[in-house]
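Okay, got some structures for you below.
One chain, chain A, appears in both complexes that follow, with chain B as partner in the first and chain C in the second.
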Partner chain A sequence: MKKIVEVKDVIFSYDNEHDALKGVSFDVEEGSYTVILGHNGSGKSTIAKLIAGLLAIKSGSIAVDGKLMSLENIAEIRKMMGIVFQNPDNQFIASTVREDIAFGLENYEVDPLKMDAIIEKYAGLVNMKEYLDKEPSNLSGGQKQRVAIAGILAMRPRLLIFDEATSMLDPTGKEEIKKIIYDLHTDDTLTILSITHDIEEALKADKIIVLNEGRVYKIGSPKEIFSDAKGLRDIGLDIPFTYKVKEAFADVGIRLQEHNKVEDLVEELWSLSKN
Partner chain B sequence: MVTFKELSYVYAPDMPYKTTALDRVDLDITEGKITAIIGKTGSGKSTLVQHLNALLLPTSGTLEIEGYTIKAGEKTSKLKELRRKVGLVFQFSEYQLFEETIIKDVAFGPKNFGVSEEEALERAKKALELVGLDPSYYQRSPLDISGGQKRRAAIAGILAIEPEIIVLDEPTAGLDPKGAKEMIGLFAMLNKKMHKTIIIVTHDNEIVYDFADDVTLLDGGKVVCKMKAHDFFAERELLESHDIYRPRIVYLKELLKDKGIMIPDDIHTLADLAAFWRDHE
Partner chain C sequence: MNNIVFGKYIPLDTPIHRLDPRAKILAMLIALVAIFIPAGWYGYGIIAVVILFVIHLSKIKLKVIFKAFKPMIFMMCFLLVINVLSVKEGALLLDLGFLEIYSKAIIDTLYIIVRLLLMIMITTILTMTTKPLDLTLGIEYLLTPFKKIGVPAHEIAMIISIALRFIPTIIEETMRIMNSQKSRGVDFEEGKLKEKISAIISLIVPLFSVSLLRADELANAMEARGYVPQAPRTRYRRLKYERRDLILVIGAFLLLALMITLAIVI
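Now for the complex of A and B:
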């Protein structure tokens, strides 16, 4: 599969004393849903900012869509990506939802006559169509994040980065955003790179990159990553709920399969109880 | 006991956009327990807890706390004494650090309440030890440490005041799983070993289920119910009607029940569930 992001031997330091990234390498496949998982301070947000060109690389290389990132081509590379940040309040810049989605389009000099149709399409995609003329003060955190996503999607990025986009939201807001991420993943021209410490979200990814102390701890499928409970706990992470159930049952001598969904786990327990 | 009696709070009462954030709240919070205040964004949780150390004063009604009575419309003396007894840790409290060094920041609270410089430093050291920041942090700038460490320093600043009641507004928001677990472990220890009353506002119902004794549910500024935490999450209709996110083990038990597999009410951990399964299924 074609690689849309290639990170090679990246070292980065904020203060020239302590390295936040100590030689990180990984690839992100085009059209995939890739998660970068790590505890606070693992370097996951730093790598996201480097990929987005918000920090300048010091050693190593990052290529996006086959082009090595440099100060010369950063503006061009950035046009193919969008980032949703952590704090919903820092991203809403206009006075209505409609104007907020329009902001990026105006910057890209989209024909004003075509703009309304584009805005409505993407507002619809994040279920915010009925809020187009509302002000940000009338919106919940999750709704503001959805508007941010619509504004970014309207610019048709090929790479969409979520930098802990759900961590400041309440449970309803978190679910809203996660559902949109999963829905967007059905579009195989869009690559989703999500930086998170939400292990339940990571369960749905195609590939997980686990960072610890500025290094890659492990890269693999959810099943490969979450089968290593001890290793993950040692680096301040945990395993998803369904894996915890499997672990607790294994402790009393009952073997269960790996499941991503509680519903599937219940089916297995039910069939066990029948036999 | 902390007692709210018919307490209402209205933001901007004389303005066209006035909002009733708390609507005739009657509520007892038991001392020595961990009480979780839950409810949707905008349900009045933060407004409620800001009454506990008189940051907000009621528009009508009364609050009795630690032997003080705060009554709407009456000037209350001794607010400072009350604030020494009730420590409030705000949401994203890490943004409130301001001193040059961490030790000075933590000692600021007790000094402000008239404790001697020497005693304040002693208390700051003790509080920093409780939150897990070792002496190598004393002289560092609060701006130079990680977000999780900043939040611990902010909490130490409240602990140094040695309050009887500790009120925490979303103390785990934005922390990673390990950070959140350590943070909650600290509050459980303060409750069990130092007998502090803990009142915690949170959206994380996994924490509520695992750590809280009691739950108070708010909706639209009104108290819907106050119950034992484990009893509360067994009330399926109540949870559904208020759109409350279930702790995963509760959801698992519900799904098993739907399949005709009954799990006893007193099973609250996966280890107990697995042991029950081994013995009965």
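Now for the complex of A and C:
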């Protein structure tokens, strides 16, 4: 599978004294849903900003779509990606939903006559069509985050980065955004890179990259990552609900299979109870 | 804090809201010049009537506009004190022994206060009836001729637009910090001057810190969405002059001419 992001031996420091990233390497495959998991301060948000070219690396390299990122080509590289940040308030630039979605289109010099159709299409995709003329103060956190997603999708990115996009939302807002992420994953032309500490969200990923104290702790599928419960707990992370149930049953001598979906776990428990 | 109305756009569909922002900004500037013409009380009376008519057309409640006056009360009192202490002309109204109050001091203060109030009303009407983005566009268009002499028209307009967009957010943030400090025992209303200064510092320091963080995140979000200040951009909203806009600007010029005439006649 083609690699859309290649991160090699990246070292980064905010203060030139302490390295926030200490030689991080990983790849993101095109069309995949990749999750970067880590506790606070592990360097996961830093890596998102480096990939988006918002921070400059100290050493190492980052290539996007085969192009080695540099100051000269950053604008060109940025055109193929979009990033949804943590705080929904701090990325709402314009005074209405409609104008906020148009902001990126204006920057990419899209013909104003074509903008209305694009705005309506992408607002519809995140269920915000009826809020097009609303101001940010009239929207919930989840709705503002949906506007941010629509604004970025309207720019037709090939790589969509979610930088802890659900962490400041209430449970309803979190679920809304997660559903949008899962729905977007059905589009094979769009690569999703989600930075999160939500282990339940990570379960749906194709690949998980676990960061710990500025280093890659482990890379693998959800099954490979969450089978290492002890290792994850040692670095301050936890395992998903289905894996916890499996662990609890194992303690009393019952072996269950690993499930990423609660429904599959219930089915196995149901068939076990019948036997 | 909730009384701060300057910069708040009130979305309504009225003839004033529908006017072109360039025409509104131009009319506002002309009206501000008219206010500074010494046309006497008749002049100010005429301007006040015109402003009240515009407020009526904009369907904005008068009490909402009056809220914008509240932060100016301190300044008005300060002006009165300065004038009372410095102006010693006209009839002696009050002699307290250590302080004499003359009629000219009171009249001068009233002149300044009325001018200030009229100016606040005009600028508040503009921000309440014009979307921040339209205001930005209007300012940018009006500043475009000055680009040739190096005026960064787009950057100025973007700064103003973001400042206006974030006024309600910063007010909310201030309220949150105030409540959080109150819960820790900080008293913003009572206490000696030293205690009040200390209370204000406990509000300002976190507010600055949060605002800087916001500014950083906003800059990142703008950059990530392809914004480059000097780069060419298209515009989703395009401004179009209509006859009503011309009428507004002509009306503002007529008001200015009337004030000049009154100033000469009086």
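Following the convention adopted for this analysis, the second predicted complex is superposed on the first by the 275 of 275 C-alpha atoms of A that agree within 3 Å, B and C clash if a C-alpha of one lies under 4 Å from a C-alpha of the other, contacts with A are read in each partner's own complex, and residues count from 1 in each chain.
Please note the rule applied: contacts are C-beta pairs under 8 Å (C-beta built on N, C-alpha and C of every residue); 3 or more make two chains touch, one makes a residue touch a chain.
Note that the coordinates shown come from a computational prediction; the quantities given were computed from them, not determined experimentally.
Undergrad: Once the structures are superposed on A, label A:I83 by its partner contacts, choosing first (chain B), second (chain C), both or neither.
TA: A:I83 sits against chain C, while chain B stays out of touch.
Undergrad: Applying the touch criterion given at the start, work out whether A:V262 contacts chain B, chain C, both or neither, answering first, second, both or neither.
TA: Touch status of A:V262: first partner only.
Undergrad: Please work out whether A:I254 is in contact with chain B alone, chain C alone, both, or neither, and reply first, second, both or neither.
TA: first
Undergrad: Given the touch rule stated above, what does A:P171 touch, chain B (first), chain C (second), both, or neither?
TA: first
Undergrad: Mind working out whether A:G104 is in touch with chain B, chain C, both or neither, as first, second, both or neither?
TA: It touches chain C, and chain B stays clear.
Undergrad: What is the contact status of A:G141 with respect to chain B (first) and chain C (second): first, second, both, or neither?
TA: first
Undergrad: Identify the partner contact of A:M155: answer first if only chain B is touched, second if only chain C is, both if each is, neither if none is.
TA: A:M155 sits against chain C, while chain B stays out of touch.
Undergrad: Mind pulling up the chain A residues that touch chain B in the complex?
TA: 38-41, 86, 140-141, 164, 167-168, 170-173, 197, 199, 236-238, 241, 244-245, 247-249, 251-254, 262-263, 265-266, 269-270, 272-273
Undergrad: Using the touch definition from the top, list the residues of chain A that touch chain C in their complex.
TA: It comes out as residues 49, 52, 54, 75, 78-79, 82-83, 85, 87, 89-96, 98-99, 102-112, 115, 133, 135-137, 148, 151-152, 155.
Undergrad: Can you name the residues of chain C that touch chain A in the complex?
TA: 9, 11, 131-133, 161-162, 164-165, 168-169, 214, 217-218, 220-228, 231-238
Undergrad: Mind listing the chain B positions that touch chain A in their complex?
TA: Contact set of chain B toward chain A: 40-41, 146-148, 173-179, 203-205, 243, 245, 248-249, 251-252, 255-256, 259, 261, 270-271, 273-275, 277-278, 281.
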